[in-house]
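Read from first to last, the chains carry the letters A, B, C, D and E; within each, the first residue is number 1.
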Amino acid sequence: MAMLTINNLEVYYGVIQAIKGISFEVNEGEVIALIGANGAGKTTILHTITGLISPKAGSVEFEGHDLTKMPAHNIVSLGMAHVPEGRRIFQELSVFENLKLGAYTRKDKNEISETLEKVYLRFPRLKERKNQIAGTLSGGEQQMLAMGRALMSHPKIILMDEPSMGLSPLFVSEIFDIIKEISDNGTTVLLVEQNAKKALSIADRAYVLETGKIVLEGDAEEMMNNDSVKKAYLGE
Amino acid sequence: MGSILEQLINGLRSGSIYALIALGYTMVYGIAKMINFAHGDIIMVGAYALYVLIALLKVPVMAAVFLTIIICSVLGIIIEKVAYKPLRKAPALSVLITAIGVSFFLQSLALLIFKPNPIAFKSIINVNSIRIGDITISGVSLVTFIITFICMVSLTYFINKTKTGAAMKAVSEDKAAAELMGINVNRTISITFAIGSGLAAVAGILFVCQYQSIQPTLGALPGIKAFVAAVLGGIGSIPGAMIGGLVLGLIESISKAYISSQLSDAIVFGVLVVVLLVKPSGLLGKNRIEKV
Amino acid sequence: MSLLEVKNLGISFGGLRAVDDVNLSIEEGQLYGLIGPNGAGKTTVFNLLTGVYQPTTGTIKINGKNIVGKTPSEICQAGIARTFQNIRLFKKMTVLDNVKAAFHNEVQYNLATSFFRLPNYFKLEKEMDEKAMEILKVFDLDGEANYLANNLPYGKQRKLEIARALATNPKLLLLDEPAAGMNPNETAELMDTIRLVRDRYHITILLIEHDMKLVTGICEKILVLNFGTELASGTPEVVLNNPEVITAYLGE
Amino acid sequence: MKKDKKVTNNNSIFTLKNLIYLICVIAGYFVLTYLAEGDLLSRQSKSLIIPMGINIILAVSLSLTVGFLGELSLGHAGFMAIGGYTGALITLHMNLPKGIEFTIALIAGGIMAAIFGFLIGLPVLRLKGDYLAIVTLAFGEIIRSVLTSLKFTGGAQGLTKIPRYSNYTWVYIVMVLTVVLISNFVKSRHGRAIISVRENYIAAESIGIKVSKYKVMAFVIAAFFAGVAGVFYGHNLSILKPGDFDYNKSIEILVIVVLGGMGNIKGSIIAAVALTILPEMLRSVDEFRTLLYAVVLIAAMLFRSSGFKTKLEESGKLPKFMKSNKNNAK
Amino acid sequence: GKKESGSNEFMIGGLGPLSGSAASYGVSVKQGAEIAIKKINDEGGVKVGDETVKLNLNFVDDEASPEVAVSAYNTVMDGGAQAILGAVTSDAHMAITDRTNEDGILTITPSASIAGATAYPNIFRLCFTDPVQGETMAKYAVETLGHKKIAVIYNNSDPYSTGVKDAFNAEVAKLGGEIVANEAFEKGAVDFSTQLTKIKGSGAEIIFAPIYYTEASYIATQASELNVGLPFIGTDGWDGILAQVVDAKVLEGSVFLSPFVATDENPAVQSFVKAYKEEYNAVPDQFAADGYDVVYVIKAALEEAGSVKSEDLIAAMTKIKVDGLTGSVSFDENGEPNKGTKFVKIENGEYVTMTVK
């Protein structure tokens, strides 16, 4: 059975329907890419999965739990982390405090400091700046922090909303390497990206979203060779 | 000179009450990001609760103190749930107005139940006053000062060193992101109000022990003064609230004693304005440049 | 004489030397790129140029006039306008009013006219409306003129910020990551718009961007920053083939 | 869809809309005359007409600072006091015909309050948010405290026997003027500048708006009208004392503005009327009055932001003035 | 209350604070007046000419605020008031004076003591004026007690307190005394230790506190804590103070002016106190007695005038003399009362009436 199953999801903002009946699944160990233009509803889907928005209809099932009936703060303890759009780091807190909050649901102090070392290893800049107030980090540094913070909860599945936004070309490649590595270490990844080319290059499968509906789905490699995808999202 | 010392002690006496009230103000402000105008009235509820428990129900003193704190904490939680929580997404000013509404509500309720006449209340603190030469420091003042200090230290520790404290700081900045960290936002805010109101209860108890009289409007003026103290110290800063309260008490006392008792309010507020002009975020407030 | 002349620019935050000894000279009409790794100090340079931060060292001259020590609004009047890395629109104002607010110094009438709606009010407001619509059309935003800025999709918000900056009638326009969050097609469209703006309004543009397609596509000259100091500068071909730039910034 | 839309229709002052407004204003006056002079209303209700007008002036002027500039001001009553005392001292000491004397008093009261608005506006240059709020509160209290200690203002007793010049005609005219002038102002380049400061002061500076200047300007204008309202206030009650202008009074005005909807002038007017009448309507419940007032206040705030309102709005059942302006996109 | 059967009822409109921080004064006046009305009506009503009329009271909350007082006044006028009892507090009263004058209605304030409260011919008051209280106490302090150095503590934001203080200070100077400390506080203050410390060091021999009992109780308690060790003298606002202190010792020896003490042996007072206790489960204070007396003054005016017309009633006012709970009183043409002063001393935790020459 799939790890995460989304079924006939419908989400509204007031009277505006942002998600118009979407179903898809994520299997354990996979990297799934969600691509689509501005305003297609990618962020909305992630928010609905982690409980920040409640859907009007449909279900979200994660390892047998119905997430739509669960308050957002309980979802993290099930092993799901979310790197939200716009980073949403705690601006007034230090880098270190931000990272500690990432491990809020975990108890074992030793395991937490182990994870912390791993995160520092992946993002040396964060270690350098661990006492800096997060709000004064540069855009890219904040993105690293958001990622590091999510990893601190040692999740089974991680949802990422445009992790490469605002990063330098070198670091974009690095981020995708890191995502690959996270996935290789057994974490499932659901990835939302504008940088469709890179996303598809590391994904196993992908879904294409257009104004709240899935219009295309399939193998990532096939998708890269699909003409309409090329034209609309790869800029070729 | 003896009298200067005496006046300084007078200032510390009212200052430590302000400080204690300001601690609760600043704590709720720091986390919930709202000026809880009803804070002063929770002090009043605490005072009446203590009176009812001790004078009418004859509950033993320690139990009465404990119950008073519980009553106020629960009241704080209820107020938040009923009047503030539905307004989480509304502009900050809307919450300010409901807080004012809650303040009116508590005051008029007390007026209905207990009538406008003040009730004389005998202090439950029986600590002897200290006498140094000509100067007397009353036992209640001493106890107030010590309790305020203990509250300040433990609150600072709580917020900065415990997990719940960290959760509070996260909630104060970004509720959705805090939710994503696995923090139960509603519970955290409830805890904040419980602690803030518990502090108000302590302030209420010490207030009636100091001044030995209870009336429905008792919380209003100290509430405003404590708010001023919190801002003076840098709102959101816990040590700042304590310092702000003490400084306010001292300024009040000195200006009444050596400048003019008629104009003391004007002087106190004048000093506040000057301090804020020199240090725009209060004595201990953080003044961070916004990253652009 | 160059339009912008920056010499020995530097600033520290606590112990961190965020910008150190940066020199920059931009000719009128140039399309200039500012690139560099995350945290290199690019946005900080913008903040120094626009008076948001005061430099600890160095001079900034526009058309030969020193602007160090001036306030952001004075610098705007001196001819520098900007957009922000994290969008700063007037969210609860309409798209049109966002642009009209930027005419503040361009089109003026006095307080009495405001209060009493003297004839000048109608004349000048109409003039502003027309000018604003003209700018909005350039960015394909004229259809949304009466929307609240908040309700625009992300990509359009970025464009509106540029439109607003343009409305101040600047000599030099600073764009901080204008293509962030846009997909390749939208980016391509944006490149055309930036070129059009430069040619139509005869202005000079300095932009920060991580999207190399955009940078190589439109920039005539590039400055690369690393750790607050200059790593390389020159034409795109030269700079982007510089091995140091490749190791520090581009990768591969 | 993206046709060349006509964006504005206010090309001149002579529009149909303005004509309708004018007719409403004149009709309003006749209705008012009928109500004030006729037998339809009780004396009690009649006596509320002037306070209502005064509250409208106060609320509309405060909404400039709170709603449009976005800074919390807790000292509006201080400006009112300055205006009230200035005006009263003028009419008490001048011996001119009523009309002239009162006009001078109104203008002088406004100007004097505006001068204080300028002084109080200066700290605004350095302070923001709650710190600024506390400074406005402090200034209000300083004004009150000084008035209490001055001899020529009558100390705590205040001024008595102020001629009762305020009548509904005067108040109505000035109220309409206030509403028109402030509505005009917020839709002008100056008003736009003030709103943009509220929305994002860094961006406002970046497009050449002098943030400090506009903050002070908002304070000065708001103070001017509060001063005028103060003159009416004194000349209605015939007595002025410092105690009436403490922060509770400021908060009373603030409540009106917030209840009316921030930056919503029509809302402020309606809230001013409602909140003037409400305590009087609650008279019959005697000692439960203040309690009920509090409950109504809380309920109103909760209602304003509940989904209920949005639903009504969507169903088109809500009168236009109550609609929030966030959905005016389409 | 509503009008019952037309002309056989005389409606009194009452104005005073029933809510807010001054509520206790208004509530007392209202309750005192109600006791009087009940008594009069139970005894058959008032003989006005050939008819007997029953009295009725419509007492409306004015929150002690001038603004609310105006609408409260209009409310009672809408309710058909034929005479006004009020307003209780000075500020509220001043806001309605010229309105009552325009209406030409008999207005008797039980307790608005501010100078100028009776400036119109239709207005009378039952209590002493502030200046009279100040002068009386100055004479008492300087002449009777023989003190030369006097400290004053007063409420800076209260017209009553400042009014008495001004007259007191002037009179003391005239009598050759000296005000060695003139200390103010603001409305709502609870901590007076600074002022008391100053007074302690000023060489004063006595403290004059022309204020209400709430603050007076705080001050007396704190003075004892600070070992100030000086006797207090006060004004009629002190009435009821014993109930406000935990330890009556702090007030021992204090003297204040009061037209009324509930412990007075006078049978009229005792029967009033008893009725009041039965009805409201509280001991009446001076304000309650004032309210009671005003009703009896109105009764006397009605009987004297033999008419319910306002102008007749007003004309009758200067001709009547009423033996009230607060003493025997008549009115001069300025609307001021003529009545004897009564001093009250606190001895062994009890009020004791004294006679002073």
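Worth a mention:
Here is the rule we use: a contact is a pair of C-beta atoms (placed from the backbone, for glycine too) under 8 Å apart; a residue touches a chain by one contact, two chains touch by 3 or more.
Source: prediction; values computed, not measured.
Counting hops only between chains that touch, chain C reaches chain E in a minimum of 2.
Shared contact partners of chain B and chain E comprise D. Chain centres here are C-alpha means, and the one lying farthest from chain D is A. Set against one another, A-B and B-D show the most C-beta pairs in contact at B-D.
Note on chain placement: the centre of chain B and the centre of chain C lie 47 Å apart, centres being C-alpha means. Mean C-alpha positions place chain A and chain C at a centre distance of 31 Å. Each chain gets a centre from the mean of its Cα atoms; for chain D and chain E, those two points are 38 Å apart. Shown for chain A are the residues in touch with two or more other chains, namely 136-137. Chain contacts: chain C has residues 43, 52, 84 touching two or more partner chains.
Taken residue by residue, chain E touches two or more other chains at 19, 156, 186, whereas all remaining positions touch fewer. Here chain E touches chain D in the complex through residues 18-20, 60-61, 65-68, 70-71, 73-75, 77-78, 90-91, 94-95, 97-98, 114, 116, 119, 155-159, 161-163, 186-187, going by the rule given at the top.
Per the touch definition, chain C reaches chain D in the complex via residues 50, 52, 71-73, 76-77, 81-82, 84, 88-93, 96-97, 100-105, 107-109, 111, 113-117, 121-122, 124-126, 128-129, 133, 140, 142-143, 145-148, 150-151, 164-165, 167-168. Residues of chain B touching chain A in their complex: 163, 166-167, 169-170, 173-174, 176-185, 288-289, 291. Within the complex formed with chain A, the residues of chain C that make contact are 13, 35-40, 43, 85-86, 153-155, 177, 180-188, 210, 212-213, 248-252.
Those residues of chain D lying in contact with chain B across their complex are 66, 72, 123, 126-128, 130-131, 133-135, 137-139, 141-142, 144-146, 148-149, 202, 247, 251, 254-255, 258-259, 262, 287-291, 293-295, 297-298, 301-302, 304-306.
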